Structures are given as structure tokens and as C-alpha cells.
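Each of the next two complexes has chain A plus one more chain, namely chain B in the first and chain C in the second.
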Partner chain A sequence: MSPQPQAAVGAPLSRVDGRLKVTGQAEYAAELPHARTTSRGGTPTLKGVVHAVIVDASIGRGRITSIDTRAAERAAGVLRVIHHGNAPRLPYRDNSGSNNPAGRRLRVFQDNRVLFHGQPVAVVVGTTLEAAQHGASLVEVDYDAEQPSTDLTEAEPGEPTRYARGDAEAGLRSSAVRLDARYELARNHHNPMEPHATVAHWDGNQLTVWDKTQWVMGTHDEIAAVFDLPADAVRVVNPFVGGGFGSGLRCWPHTIVAALAARVTGRPVKLVLSRKQMYFGTGFRPAYRYRLRLGSDRRGRLKAAIHDIDAETSSYETFTEAVMGAGQMLYSMPHVRQAYRQVPLHVNTPIWMRGPGFASASFVIESAMDELAHELGVDPIELRLRNEPNEDESTNEPFSTRRLTECYRVGARDFGWDRRSPKPRSMRDGNWLIGLGMAAGVYDSGRYPGEARARLDADGTAVVEAATSDMGPGTYTSQTQVAADALGLTMRTVTFRLGDSRYPRTSPHGGSSTMASVGSAVVDACNKVREQAIKLAVEDRESPLYGVDANDVVVRGGRLHVQGNPARGETYQRLLARNNRSHLEGDGAYNGPGSDRSAYFAYNATFAEVAVDADLGLVRVRRMLGVYDAGRIISPKLAESQAFGGIVGGIGTALLEHTVTDHRDGRIVNAGLADYLVPVNADIRELKAVFLDGEDNAGNLLGVKGLGEVVQVGVAPAIANAVFNATGRRIRQLPITAEALL
Partner chain B sequence: MHPFAFTKVSDTREALDAGRRGGRYIAGGTTLVDLMRETVERPETLVDITGLPLREVTVTERGGLRIGALVRMAEAAAHPKVRTLFPVVSEALELSASAQLRNMATLGGNIMQRTRCTYFRDVTADCNKREPESGCAALHGFNRTHAILGTSDHCVATHPSDVAVAFAALEARVSLLGPEGERHLPFADFLLRPGSSPQHEQALRKGELITAVEIPAHPRPLRSGYLKVRDRQSYEFALTSAAVALHIRGGVIREAKVAAGGVGTVPWKLPTVERHLVGERPSESLWAAAAERAADGARPLEHNRFKVELLKRTVERQLRTIGGTK
Partner chain C sequence: MSPNELDESAVPPSGDSRTTPTRRTFIATTTAVGGAVVAGGLIAGSPLLDTDEAVAADAAPASRVSLTVNGTRRTVTVDNRTSLLDLLREHFGLTGSKRGCNAGACGACTVLVDGHRVNSCLTLAVRLEGAEVTTIEGLSDGDRLHPLQQAFIDEDAFQCGYCTPGQIMSGVGCIKEGHTGSPEEIREWMSGNICRCGCYVKIVRAVEQTAGRK
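What follows is the complex of A and B.
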């Protein structure tokens, strides 16, 4: 086949769904499905929807001894109060898929045990939201409370996951320069703007669920397992997601509660988590305690590292994430030992959050590298260059592409790194100490099997479908770009659909995997359609392309023509009309990286300039730059948005974000956006993203390496290193707050 | 939210009638509605007073300011007289909340706003302010943002208002209208320290209505300003703050008005700091020495010890900013 001209891919296009979003027509999970009768919306297709509000446990551990629902049931508009005493027993079939971690998942209203503060203990269904909310406040629950264990620093860790190469202890002992530092990283919550929400509707034994999720298939499979339904009895729909950052990667208990409430009441049920409930009703980036010992020679060549990592998990599931990866492959060194221990606590189960594992580990490793550079009197970039590996030393596999040194060079030039004084407290602007810092970032982007379907209609338009999601990166737009080029159509004539479990199955929309995985399946499906059309044409005596070698035909703007001879050809429309074909269809698949044995990672170099008012303990981020080695950039405008979002998230992790638990009873004390601080507009000054030109074709058809995760990795350490450069204070706790700097 | 009745009144007599019958006044609603949603507040009747004629900003005879209780924060902050006569007030307002909230919230409501203590706002936690005698979860809980001054064993919650700190510094008076007529309370007497009854936050009698805040005339020239130290740059309450107004004539500080926010159960007037300044000539060492007294009497808690030092530095910085070094 002749390669298709790339018209849409690489173009800085705006979001294809932008107008829908800014005009309020994009339908999110809590918005009832509407029959679209006019461009301004339409009438709801679901009648008789009622509202459900969850009652949260007000103890951190123990048993429910009684639930008094009388006052709630008497309240106007309350239809039903469901709790463990009256809920139907649910099958909860085993499901090792759906991103369920090892363990025994929380079973809603199946027993009287309370495993964490805020666990759902009842749900009130009312005719209005207000009635259900009021009803929920009237449910009286008595408990037999026990002391929960929620403090990572005091609880007993579980058995570690280990990694070792060489002899790290001996390597460290024989190192001329040694660091031994302990880091503490706060728990972070995703806080997407859109709250998690579910609308559940039973039609006989058919269950349809509109649910905020980054993975309709995962939610589909979990619901089928929990209710023991055949796969085709469940449909999960979610065309729009108002931000996710990972919080939508699992089917959370409230989704089951909504489906259960709908079954019990026989009514369609809408359940929206409050902002507060998002802090225990969905997962979070776990808190870490991390000790790193690092040894190098006098020139800064790393010899050994020992990582002792403790992280939060729940008492009922063992959550793990890729926190060990960076320590194994980011820098060259002969001796590495890691122990990663999950510490079971009376908390709900964590979930991946942007840059999972890598973002946390990079704060530690990159802070330590900066510290080592300072000890040795070596420039932080130079130190990293001296430890650049030639292969992934954990697997001895070659890197598919690794252009981190180029990221350093481009970043240093662009950011004005040469203006940095290595001496702390030597740059000043009035009351502000100025500091420059940098860090490397890496992320192990995913490539997972998936499917897609493409259909070209006789009118020359195409529809492409896959059960993926668009939590914000712009999947609708970027997949349309990919499909348009593969089909030889314009953006306007291609519609990409996602977010329905009836579409071809895909992997989760997370882990920076969507473009490599779903995109490859989309290309495959579209290639099949285009090939069918070309075959039809070259075998059709009435086609101007009759007899042409199929490999010499390309399609552009919906017109098939001979490569290099645009005059000889015809449109899809003419071709299909003449052949009496209503449409052409293609099923595409991507089977994962297959035999590709290269080490496939995305990289960045992140730079930060901070101003610190050392008297008042204030840190202000003045400038940030990210330089990304992320393979081919499908959609430059969206990529820049991704990078900015990741940097903003990283600024939050570095300076503000901290979910606080009261260890006396396991209560989260800052469960809300007034008290859990995320950056506001005033905190964000100058951001810049640079993408290295290039592609990485390791095991994917698009040359991409994934972007959405790596953009947050390295941000927090770049800021912490800049704070050190400004003040001489090495802060090893996140977030970096005023009290740490006074 | 618990069910409630809602009435709108069109004159102060109607308002006072409704208030006497137990109605809760509501204007911008930016605090009360939030708290009702959390069921922290459960009023039976809300009385909408936004139709009352309390929206004037007037200059008093000798050069003070009278700001009607229903003047929106944004209006007060933008008012030319406020800006020229008392920058400390407009700065405190502009550093408060968000633009949206400042467009809704009124001055009367601002000084009535309730604490941001997260235990107060969580009805499943112990809180003497919300539920007398239930205990104070904050005392030994997470208390980073809590008060170090004016606390008791019953309550350590911070008063969240910024502009109230400016009012306290400037020794404003609160004008109240009740069934027995009008009265005026010094700001220091209007907001109450928690003591053993933290549920009583203002010296308001039943049904009394705030009609205005009156800032007295101060000798001119008066330099004033507000410094707010907080974790993020906007839309966040103060860790510490300082309202400073100085009258310097002939190179000597003749009058000093200083109060601190983010640290007290009420806006914290700093008379010892003021006394240290009056009669002295501005100098670096004067600011430092005066600010050294800012945290006198502080009783820090487990997570807010840093506020003691931060408060001194905040006051020192703002004294220097307003007073200069000459």
C-alpha cells in the first residue's frame, strides 16, 4: 500500500467536540440521556428518574449495630432507604479484570462491617435530589467503633515486592559519595471538575448505566460480575468525561449502589457523589514514605541505590503502581535494590493518578540527584549526562528511542539554564530569593490490545467506533485525525464515537496508552476500509482506476487517485454508488506490542524557576518549561494543553495538594476544594512545552510514545530543586508548605 | 439541607419583625447556604434582606466612612472613597475569596461569616461551636489553620474574615438596629472570643440587624495596607495577615493601628505593637522590635506552631511596607 498523505495528523486543530462542550450540549454522566431533537438539546429519554444519596460511615472502623431509618422514611419524597439489613444479596462474582486489585473488593450493603471512614452504609432514594439529601441526613446509624489504623508511619507494612541487581549494599559501602535521605509524599486526590456520577436503568434484566468512567468495558465487566449478569445484559455509556486523571479507572462502589437502588425501587436512579464523597468514594494517589540511599564515585558516576518504599493501600485490597520502574532504568548503575511495601490501612483503596508511581518515585530520585550534584559541585544536567544508560539495565533491552539528553540540551538552552547560579541564595529580586531547578521525567507508556470499527457510507462520510474514552486529552479529536488520514477523508467527514460498551472493546483510557493502542486499532480498521475501496476501484471496469496496481492508489479528501497523478481517480461516493454499495466496513485490531522487545518509555526534562519569600515561607512558580520526548505528536494543540495540565498538576503536588487524615478516627478533614488546595489561576504564570520532533514505531502504528502521564512526572522535583537553589533548603516532604521554609 | 421557609422583606421594620420571630437574615448567602447544605446550619426561616436600603457608602463629617451592611464586597473594594481613605480595607477585600463571591457577599455577611474549621463544617465531628458540650475535635486534631490567640479549651477556630481584620485595626464600629432601636458597638466588642461558649460568636441580640460598619476618622495623612500570607495566591484564607495603618508626621509615628488575621478566634488587635510604635521614628529595628510582640500570649497547637513566627514576620513586613524605613 502506498502510505497515505498525512493531512490531519500533526495539524494544530481545535477539539472537534469543543463547541458541544462550551455550549453545554456535551452530555456528562449525571445529565440524563436526551433524545437530540434540536441542536439545543431535546427531551430526556428516561422517564421517572429518581435520586439517590449515599449515607457515609462516620467511623473509621468497626460494625454497624443499628440503623434507624424511620425519620428518613417519613420525610416527604423519600422512597426507600437501603442498607445491609434490607439490601438483596449480590453475587459479587470474582472479577480479576476491571482494574480490581488483588484482595476482596468492597461489597456494598452486604454486611455490617465498616472498613474505612466514609464507606457507604446506606442509600436514600427520593423523588428529588433535595428529598434524598434530606433523607440521608435523617438516617441514624449506631456503630460499635474500633480504632482504625490510618497512619502510614505507624502501621505494619505487608510483604515487599523486591527487585535487585548487583550487590547494592556492597556497592553503597564502596561508594566515595553517599546520600541517605527520607522522603514523605502526601496523599493526593484527583479532583476532576466533574463529580463521579451514575444513572442506572433496568429494563427487565437489561441494565443500562450511564457512568463517569475512563473505561466503559471495565465498568461493564464489573457490573456484570457483581450482579452475575450475562455480558450482553449490561450496557455502559459515557460519551463525555469532565476530567479524570485516573479516578475513573475503576468501577467504584457508588456505581453498584446506583444499580442496586434502581433494581430495588424499579425506577431509573441517578446518583451523584458530592465533592466530599469523592475523597473516600473514589481512589487517590497513595501517600509514600520513601528512603533512598544513593552512592556514586567522586565524578558522580552512580554505583548503587537502595530504595525502601512504603505506600498506602486499603485493608481489603492491595493496590500497586509502577513506583519501582524509574529507579531501575532512569540512570546507569550496577547495583540496585528495591523493596516496595504496601501498608494496609483502614482507608479506601487507592487508584492510579496522573504519572502513577513514576511521579512519586521521580520526586525522590530527582531530588537526590540534585542533592548529589550539589555535593559534588557538578551541574545537575551534567550529572545526569554522566549517568545516561545505553540500554534498559533492568532488562538489558535496547531503548526503542531515548532522547533524554536532547531534552536536557533543548531545555537548558530555551530556559536559560546558563543564567543559573549553582550557589543557593545567590539570586534575588526584592524580598524574593530566585531559584532554578530541573528534573528528568520518564513514564512507561502502555500498549494494550484493543479493537475498533470503521464504516464508510455511500455519502462519503465515515463513522469510527471504539469503546475508549476521552477524559480530556482530546481522544475524539486525535482519533478523528488518525482515522481521517487513514481513510483519506477530511476531519469534517469523519465522526469518531467512544464511550459505549457496545463499541469494539478497548483497554482502559489511562497509562498514556490510548493513542498507541486504540489509535493503532483505528488505523487498522480504516486501512481495511480504504483497501476494500481501492480493491473495488481497481477491479471495476468503469472506474478510472481500473487496472491500476492497488499499491499505487492513495485517497485524499475522499477521492481515490493514482499516487502522483491526482487527475486519474474518483470519489468514494461515485465508487460506492456505481457499485450499489451502501457502505464499506472494517474491523480493526491492535494486539499489543507483540514481539517488540525494546524498552519503550516517554521522557521529559522539566525546568522550574521559583521565587521564595524566605521570611514568609512563600513559594511562587514563575516559569516552567517541559521538553518532551514523546514520539510523534498527533495533535500539537492538544499536546500543549496536556503538557500544561500536567505541569499544573505537578505544581499542585509540589506546593499545595495534601489529603489530610485525622488518625484518631480515619476522617479526612479537608475533603473539599475549599480545604484541599489545588492551584488557582493566580498560581500559574509562564508555562512552555516543547516537543522533540520524531517518532517511535516500537510496536505501534502511529509512532507515538504517550504523553498524558509523563507531563506530570518531574514537575514536583524540578520545583523542589529550584526551591533548594533559591534558599539552600532541601525539602523532602510534599507538599512544600510555609512551615517547612520558615 | 433541612427544609426551611423563605421570606423577602422590603423594609427594616418587616425585617425586624421577621427577625424577632426567629428568622435568620440572609443577604449574599455565600456562607449560610454552604453551611445549610452541609446541615451545619438548619434555620427554619430565612429572611431575605437584600431589598433593604443599606447599600450606601458615605463619608462621615470628620472624614470617616460609613459602609452599609448590604454593600457587596466588590462594591466596597472598588469604591473610590474606600480606596483613597482606607486602602487597608479595599486591599483586605480584594485579597478575600474569589471575584464571584465578592460580587455576592455583603459586608454585613462578611463580618458574620463563620469559621472555616473543618470539624465545625463536618456534622459528624465533635464541635462545641456547632453543638455545645460535644467537645472540640480540632484541639487535638488537625489544626494547622487554627488560631493561636484568643483560644480556649472549648474552641480554637479562626475567624476567617480579612476585612474584619482591617475594621478591627481601624477601630470601626458596628451599627445595629433592633426592636429597641439603634446601637453601636466597637468592633472589639462585636465579635466574641469563644471562652466556654463558642456557639456565641457575636454580641447580637435576638433579631438585631447589622445596618452598617462605621470607620472613624483618623488623623491624616494615614498610610494603610493589608498583607495576607496564604498557601496559594488567590481564593484562600489567611495563614496569617496584618492590617496596618500609620499616621506619621514630622518623621514620628503619631498613631499606629495594627491587627492580625488568620491567627485569632477573632480579628486580633495588637495594642502592644501599636504602643511600641507610637512616638517613635520609623526604622528597621523599630519594625522588628514592635513585631516581636505580635504573638504575645500565643497558645500554639500541634500543627500551627509555625504561625507564631510567621505572625511576627508578617507584621514586621507590613510595618516596613507601610512605614518605610525613614
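What follows is the complex of A and C.
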């Protein structure tokens, strides 16, 4: 087949769903049942929706000894109080293939055990939100409390996951320059602006759930497993996700609570987590304690690294993430040893958060590289260039593409790196100490199997469907771009639908995998439709394309024509009308990278300029630049937004975000947006994103390498390194607070 | 400012009410629950509740309030505990105003009350007698977007879109207040609206451009 002209892909288009979002018409999970019949999915308005509010455990560990629901049940508007004493037993079938970590998942209202502070212990259903909220405040729960263990530094770690190459101990001993540093990374919460919410509606044994999720199929499968329902008895709908950053990558207990409450009351139930409940009702980026020992020769050639990594997990599930990845492949060195231990605590289970694993490890590794550069008196970029590997040394696979050195070069030029004085505390602006810092970023983007369906209608418009999500990167827009080009249609004549478990199955919307995975399936589906149309035309005696080699036909603007001869051709509309075809349809699939054995990573070089108040230790980020080697950029306007978002998220991790737990009872003391600080507008000044031109065709049809994660990796260490350059203070903890700098 | 001092006759009727129930449909809804005025008002957004539930809910303290939402005058009896946000979302089905934190810390619920931006999650509905409320649903002129809405699209000043209605309402207020003299000033006066997707740079651009066109 002739390659299709690329008109939409690569164009800086505005979002196709922009109008819905700026007029308040985009329907998020808690809003769907109010919707009039919508154009996407045809969801009917639900009647008689009642409200559910969860009662949270007020101890960090122990047993419920009694629940007194009398006052709540007497309250006006309260319909039902459900708890372990009266809830139906739920099957909780195993759900292999889910994102549930190893262990035994939390089973709502199935026993009297309390495993963490805030665990759901009851739910109050009321006719109004106010009635349910008040009712929840009236439920009296007595506990037999035990001392929870919530301190990562005190608790007993589990068995480590290990990696080794060479002899790291010997390599370190024989290194001329050695570094031994311990890092503390605070727990971060995703805090998407939209709270997690579920509306559940049973129609006989058919359950429909409107749920905030990054994976409608994952939520679908989990609900089917928990209630032991056949797959076709459950439908999960979620056309708009108000941010996720990973928090929607698995089905959380409240979704089951909502479905259970709807079952018990026989009413459609709406359950919206409070902001506070988001801190224990959904996951988080785990806190880390990370010791890194690094050895190099006097020229800065790395010889050995030993990584001892401890991370939070819950007492009932063992959460893991790719925190070992960067240490194995980012720099060339013969000797590496890693031990990654999960520390079970009486907390809820973590979940992946933007740049999972890599973002945390990069803070450590990139801070250490900066420290080493300073020790050696070598420029930080030069040190990295001296340790650039020729292959992935953990697998001996070649890199599909790796243009990190180009990122350094472009970034150094654009940022004015040559204006940086390597001597700390040597640049000033009044009372502000000025510092410049940089770091490398890397992310192992996902490529997972998925499916899509495309239908071209006789009127020349097309609908493409896949059960993926759009938590903000712009899936609606970028998949429409991809589909439009593959079909040879304009953006206006293609509608992309997502967020419904009745659409073709996809993998989770996360891990920077959506474009490579779902996009490849979309291209495949659209190619099949286009090829059918071309075949129809070249075999149709009435067509101007009759007899033409199908490989010589392209489609542009809804018109099929001979490649290089636009005059000879006809429109989809004419072709289908003449052949009495109401539509053409194609099922597409992507099977994953398959036999591709190359090391597929996205990279960045991130630069930061900070100002630190010399007396107060306040840190202000003055400007930041990210240069990205992320393969082909499908949607440049949206990609820039995504990059800025990653930088802003990284600024939060670097300077503000810190979940604080009271170890006496396991309570999170800053569970709210007034106390858990995230960047606000006044925190963000000048940002710039540069994308290296190019593509990477390793195992995907689109040449992409994923973007959503890598843009946050490297941001925190670039800031930490700039703070060192400004102050001479090496802060090895996140967030970097004024207190740490005083 | 006391809402009681507001002159109801000062509330102008508006042309566009496509997205809101008209006064007529609202009255029809209250009638449908059978003369139980208080309960009918309480459950204005859920007209099909059983009568016995409506009677039970009747026990909650409720008040009658008349206010204008996006140009449409509405008289409703609500539970005194109901916030303006929940009145809009749960009773009027105007879900464009978002619940982000329910504690006035994020700004997702920002609406204009008598032309001033407020956190609707912190505003009790029954305090709004005579008030004129403008939500994101009432900002555009029919199909013609408000210039700030268009600027948000053009600048790509949002990603997930959840904070966007609050950002835009806050931006409208910010421009009206004249706090747009410089990007620094806009940043400061738009800092009550959190965007977790991190679109601040573009939000400032959208506000700055729209203010410049005025």
C-alpha cells in the first residue's frame, strides 16, 4: 500500500473536545447520570439516584468491635447503613491480568479487620447528599485498636528483588572516587482535580458503572471478579477523566462499595470520594529510602554502583514499580548491584504515579551524578557524556533510538548553560542566590496489545472506537489525528470514541503506552477500512480507479485517487453509494512489540534555574527547559502542554509535595489541598519544551516513544542540582523545603 | 454585602437558557411531587423519589430561596446545609461547576455571584436570596463562546478539563477586577485555582490575551 499522506498527524491542532471542556459540558464520572442522552455512548438519564458516603476507620490497625447505626438510620433521608455486620458476602474471585499487586486485595465490609487508617468500615446511603453526609457522621464505631506500623525507617522490610552485573563491591573498592549518599523521598499523592467517583446502577443482574478510571476494562474485569458476574453483565463507562496521573490505574474499594450499595438498596447510587478520602481511598507514589554508592575513576568514568532501595507498600499487597530500571541502563558501567525491598506498613496500597519508579530513582542517580561532577571538577553534562553507553548494558540489546547526547547539546545551547558558574554561591540577584542545574531523564514506555474498530459510513464520515481513556493528554484529539490520516479523511469527519467497556479492549491508559499501543490498533483498523474501499474501487468497472493497482491508490480529504495523479479518483461517498454499501468496517489490533528486541526508552535533558533566598531558604524556580527524545510527536500543541504538566508535577515533587503520617495512629495529617501543597499558578514562571525531530519505529506503527511519563522524570533532580549550584547545599531529601536549607 | 439587600428586579432576564430548565419546567417538577412544597424543593434534582422518602427528608431544616442562575429566575426550597455548588450540581443538574476539594482550596467550583468570583463549595445556597449567579454554562452567548473560553481552546490552557470551568470563571473575574497588568499579577490573582495538569503558563496567556482585547 502507498503510504498515506500525513495531514493531521504532526499538525498543531486544538483539542477536538475543547468546546465541551470550556463550556462545562464534558461529563465526568459523577455527572453522567444527569446527562441528557449523549452523542457518545447514548447513556440515558438515570432516575432516582441516591447518594452514598463512606465512613472511614478512625484507627490505623485493629478490629471493629461494634457498629451503632441507630442514630444514622433515624436521621432524615438516610436509607441504609451497610457494614461488615450486614453486608452480603462477596465472591472476590481472583482477577489475573489485573493491576492488583501480589497479595490479598482489600475486601470491603467482609470482616471486622482494620488494615489502615481510613479504610472503609461502613457506607451510608441517603436520598440527598446532605442526608448521607450527616448520616455518616452519626455512625458510631468501636474498635479494638492495635499499634499500626507506618514508619518506613522502623519497619521490617520484605525479601528484596535483586539485580547484579559484574562485582559491584570489588568495583567500588577499586574506584578512585567514591560517593556514599542516602536519600529520602516523601510520599506523593496524585491529587487529580476530579475526585474519584462512581455511579452504580443495577438493572436486574446487569450492572452499569460510571467510574473514574484510566482503564474501563480493568474496572470492568475487577467488578465482574468481585461480584462473580459474567463479563457481559458489567458495563463500565467513563468518557472524561478529570486527571489521573496513575490514580485510576486500578479499581479501588469505593467502586465496589458503590456497586454493593446499589445492589443492597435497589437504587442507582452515586459515591464521590471527599478530597480527604482520596489520600487513603486511592493509591500514592510510595516514600523511599534509597542509599546509593557510586564509584568512578578520576576522569569520571563510572565503575560501580550499589543501590539499596526501600519503599512503602501495604500490609496486604506488595506494590512494585520500575525503580531499578534507570540504575541498570542510563549510564555505562561494568559493576552494578541493586536490592529493592518493599516494606509492608499499615497503610493502603500504593499505585504508579507519573514516571513511576524512574522519577524516584532519577532523583537519586542524577543528584549523585551532579555531586560526582562537582567532586571531580567536571561539567555535569561532560560527566554524563563520558558515561554514555552504546547499548542497554543490562540486556545487551541495542537502543531502538537514543538521542540523549543531542538532548544535552540542544538544551545547553537553548538554556544558556555556558552562563552557569560551576562554583556554588557565585551567582546572585540581590538577596537571591541563583543556581543552574540539569539532569537526564529516561522512561521505559509501554507497548501493550489492544484493539480498535473503525467504521466508514456512506456519508463519508467515520467513527473509531477503543476502550481507552483520555485523562488529559488528549487521546480524543491525537487518536482522531491518527485515524484521519489512515482513513484519508479530515479531522472534522472522524469521531473517536473511548471510555466504554463495550468498545474494543485495550490495555490501561498509563505508562506512556496509549499512542504506541492503541494508536497502532487504530491505524490497523483504519488501514483495513481504507484497503477495503480501495479494493472496491479498483474492482468496480464504474469507478475511475477501475483496474488501477491498489498499491497506487491513496486517499486524501475523503477522496481516493491515484498516487501522483489527483485528477483520477472519486470520493468515498460516491464509491459507497454506487455499490449500495451503507458502511465499511474494520477491526484492528496491536499485538505488542513482538519480536522487537531493541531497548525502547524515551529520554530528556531537563534544565532548571532557581533563586534561593539567602536568608530564608525559599526556593523559586525561575525557568525550566525540557528537551525530549520521544520519537514522533503526533500532536505538537498537546505535547507541549503535556511536557509543561510534567515539569509542573516535578516542581511539586521537588519543592512542595509531602504526605505526612502521624505514626501514633497512622492518620495522614495533611489530607487536603490546603495542607498537601501542590504547585499553583504563582509557583510557575517560564517553561519551555523542545522535541527532537524524528521517529522510532521499534515495534509500533507510529514511530512514537511515549511522552506522559518521561516529561516528569529528571525534573526534581534538575531543581535539586540548581539549588546546590545556588547555595552549595546538597539536599538529599524531597521535597526540598526552606527548613532543609536553613 | 448582604444578599437581602439585592433588588430582585435588578436581575436582568437572559436570552439563553438552553442548558438550564426554564421556570416553567421547574414549576412542573415541583408540582409533580404532589404539593409537598418543601420536599419538592429539596429534591428538585431527583423528581422521582418515593413520597415516603420525601416526607422523611422533610424533617431536615430547609429554606426557600429565590436566585437567578444564568439569567433564569429560580425559586427553590433547599436543605439549609446545601452549598451553592451542590445546589447547582445535584439539584439543577448544572455540573459544569466542579467539586475538587469542597473546602475552598482548589477553585474548581468558582462561579460568579453578583459579578464577583466565589468558591461555590463554601457558599450556602440559602444565603443567596436575590443573588445573580453565573456559571460556566451561562458564559457563552448562545453558540458564540466567551472570548476567554475561546482563548483557552486556542492556547490549549487545559488538559483534563476538570478545573477549566473554575479557571475560566475565575479568569473572567480576574479580568473584570483589573488584575491583569502583568503576567506576574495574573499569576498571583489566578493562584486560587489549582490545575493539577500544570497548564498555568497557558492559562496566564489566555487571560492576558483576553484582557488585552478588552
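Just so we're on the same page, the second predicted complex is superposed on the first by the 730 of 742 C-alpha atoms of A that agree within 3 Å, B and C clash if a C-alpha of one lies under 4 Å from a C-alpha of the other, contacts with A are read in each partner's own complex, and residues count from 1 in each chain.
Rule of thumb we're sticking to: a contact is a pair of C-beta atoms (placed from the backbone, for glycine too) under 8 Å apart; a residue touches a chain by one contact, two chains touch by 3 or more.
Worth saying up front: this structure is predicted, and the values here are computed from it rather than measured.
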Comparison of chain B and chain C by chain A residues contacted: C
First (chain B), second (chain C), both or neither touched by A:231: neither
Partner chain in contact with A:102 - chain B first, chain C second, else both or neither: neither
Partner chain in contact with A:640 - chain B first, chain C second, else both or neither: second
Touching partner for A:680 - first (chain B), second (chain C), both, neither: both
Partner chain in contact with A:170 - chain B first, chain C second, else both or neither: neither
Chain B versus chain C as contact partner of A:1, first or second or both or neither: neither
Chain B versus chain C as contact partner of A:662, first or second or both or neither: first
Touching partner for A:130 - first (chain B), second (chain C), both, neither: both
Touched partner set for A:615, first chain B, second chain C, both or neither: first
Common interface residues of chain A - those touching chain B in one complex and chain C in the other: 130, 133-134, 674, 679-683
Contact footprint of chain B on chain A as seen in their complex: 58, 130, 133-134, 137, 431, 615-618, 620, 655-656, 660, 662, 664, 667, 669-670, 674-675, 677, 679-683, 737-739, 742
Of all residues in chain A, those that touch chain C in their complex: 14-15, 17-28, 30-31, 34, 47-49, 51, 76-77, 79, 127-131, 133-134, 190-195, 240-245, 272, 274-275, 471-474, 637-638, 640-642, 644-649, 672-674, 678-687
Residue ranges of chain C in contact with chain A within the complex: 19, 42-43, 45-46, 48-49, 53-54, 56-60, 79, 81-82, 86, 89-90, 93-103, 105-106, 108, 135-137, 139-140, 145, 149-150, 152-154, 156, 158-165, 168, 186-188, 190-204
Complex contacts: residues of chain B adjacent to chain A: 1-3, 39, 116, 118-119, 122-125, 137, 140-142, 144, 229, 231-236, 239, 305-306, 309-310, 313-314, 316-317
